[in-house]
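Here come two complexes built around chain A, the first alongside chain B, the second alongside chain C.
What follows is the complex of A and B.
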């Protein structure tokens, strides 16, 4: 499964919605992720992609859109 | 050695329910309750001062302990919302208690301030004898009661808490503590002085929750590992009362029983540095007899500062 699809799978699981947001659509402004769902989303990314997201990267703006999450994970896993 | 001898607290009389805030910030009362666990909070009057609230908590604590102000070796006062930066409220509280030579120290740290105070008091007790730790806040003057300020306006309330740390006697011994600071994330939660010398809180709530959900369980586990404890061993968890959902997240992360986390958010809201000691006072008053299991204190807030403190029942 490609990275984008795996990110979407986690987003759908933690938001409880079968959504497919636009690449640059804010996951917060659209109401898909509140503060606590964001925490689950970040933990879900760590599990799915086998990465550790350090405290220094725990900023909501890094996970605001699918594009940002995609780019972040690509940088982490390359 | 340092012991926790008594707690005290003070809440202003004015109750501000979610219904009153709802129209100002443009949020439904039910949503405020579900997002925060808060139903009402207290607001100080226009005449109140941070030092005035702190004084009330100080007197309540000293009365419970049966200790005169003159017997104190030091006073520490945490506040992120004091009207004046220097001198802060500690010296004014000491003066109001009739003290003119007892050393005092302000801790200008918001939510984690009283936990830092307890840790510092534990170290100073051997020299000072009795250290009165205070957290006093008028957060209602730091928020923006408009839709733009909704995220912080729904959380905060006013109040003060106190704890007497004694080198020789108390119901629980401070066994260990761990404090941390990460200034690289300072911008996500800060109180700055704006126009008209008014303090204003700025919070990136999502990032704060992300950080707190990791850091609080981690620092509590540091204490457990050092002291050979597991999450099921403490009888009580006293956390900074920031948000009920956050406290439940911490319980889940630690795999600790939720019912051991004392929560008064519903009635008090988030009173920043005061919240830990107000909760501790209310918890202690609710107890029949002395505690028989370890007590964990923990807080997280602007700085970022966070930490945990372990107290064990006195023999």
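What follows is the complex of A and C.
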């Protein structure tokens, strides 16, 4: 499964909504994520992609769009 | 020069005419906008003409931050140099913010005329520029005129919304275009903002809220309760009215300012409230303060709760250096911690209309409770309001029927479906632009006449 679809699956699980946001749509502005849900979303990413995300990276600006999440994970898995 | 005053609209018409006439010369338009910003600020006090010096410092810091991101200096490690530059920008803006907050506090009302604006919104906006540059998320502008046009943007400098500098500069770089749809939407926003401010917020303030908060001992518990509800609505219509006018004015200049309110009193918990109330401020707090607090996912409730508490306490103190604002911020911070803990314990949101209604009423009344500290002039006044509420005396003799009517109208207007505005904008686009302009002028005159004593200052203009 490609990275984008796997990210989307986690987002749908955390937000509890069957959504498909645009690549550059703000996940925070659209209400799919907030500071509360971000911890679960990041834990989901760690589990799914086998990466370690430090607590210092728990920031809205790093995970605000699918593109940013994608880029963050690509940098981690290089 | 308040955004709801006659002189402001004369100024606006002059700026718009010049701005539209120079649409072909994009650079000249930005010079014009920078000049309009300075004229607007000078109208409050000539002291603000010194603001371009602070702006020049941030502009220069921005260029240096960008330069040292790409070039490694030989002697000083570049990370340290960039941190020093960011520290300088923080010192300038937070220093300005603190000075403008503390000077009126120390000197009393007698010096208020010299510094009538606190310029917090300018400082917040400027910090979005240097911090985003530091984080490598933005390219700096090379033109100081462009920077002045954006950083001192007159529609939003006194009370927001707080746009990100990057977004504002991006929009200003685009050629100016005003479609019929945007023109109609702008007129509708300005008209709506004036109605909200002058006919609802000012009416509630003059005829209910100010009286009850100034002399609570003269009123029964039920009247005080109505006064607290009245303040919740007054503040919403005052602030969202300002935002509507600011967004409408910006749209006439081809700029889309971000949304700031989304029916906040319909929130089902306090976290949702902050996603719907003063959205640009809560996003600023999240991105430039909350996210920098260290957190630990092994102890999420503890680490998040303290980050919420301190973020909201600082947010409270921004409104004014007093116990009341500190308590207001602390209450919201604690409530956010409670919601966080609750969400970790019970993952599912409330289901069923009864639970939703209960959650909505609980949230609304908690917000109203905190507004008591926000509105009362002193801690003693806030406690007097609370004592009055606890006295359980029931009478409505001092509240006139029209006041109850306006309260009910305001409550219903707040709950109107959010898509009605777009529908109204689509309808009004069919009306010729000059007719819309004339209708706006008529509306301003009518409201000024009906409002009688003229417009009171916007509440958030004080912050």
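Structural remarks
Note that in this section the second predicted complex is superposed on the first by the 78 of 78 C-alpha atoms of A that agree within 3 Å, B and C clash if a C-alpha of one lies under 4 Å from a C-alpha of the other, contacts with A are read in each partner's own complex, and residues count from 1 in each chain.
Just so we're on the same page, contacts are C-beta pairs under 8 Å (C-beta built on N, C-alpha and C of every residue); 3 or more make two chains touch, one makes a residue touch a chain.
Owing to the predicted nature of the structure, the values given are computational and were not obtained by experimental measurement.
Once chain A is used to superpose the two complexes, chain B occupies space that clashes with chain C.
Of the two partner chains placed by the overlay, chain B and chain C both lie in contact with A:36.
Of the two partner chains, neither chain B nor chain C is touched by A:18. In the superposition on chain A, A:58 makes contact with both chain B and chain C. Shared interface residues of chain A, touching chain B in one complex and chain C in the other, are 28, 34-36, 39, 42, 55-56, 58-61. In the complex of the two chains, the chain A residues touching chain C come out as 16, 28-29, 31, 34-36, 39, 42-43, 55-56, 58-61.
Of all the residues in chain C, the ones that touch chain A in their complex are 135, 137, 271, 275, 283, 286-287, 290-291, 294-297, 300, 304, 339-340, 343, 348-349. Chain A contributes residues 28, 34-36, 38-39, 42, 55-56, 58-61 to its touches with chain B in the complex. Residues of chain B touching chain A in their complex: 35, 182, 184-185, 188, 204-211, 213-215, 245-246, 249.
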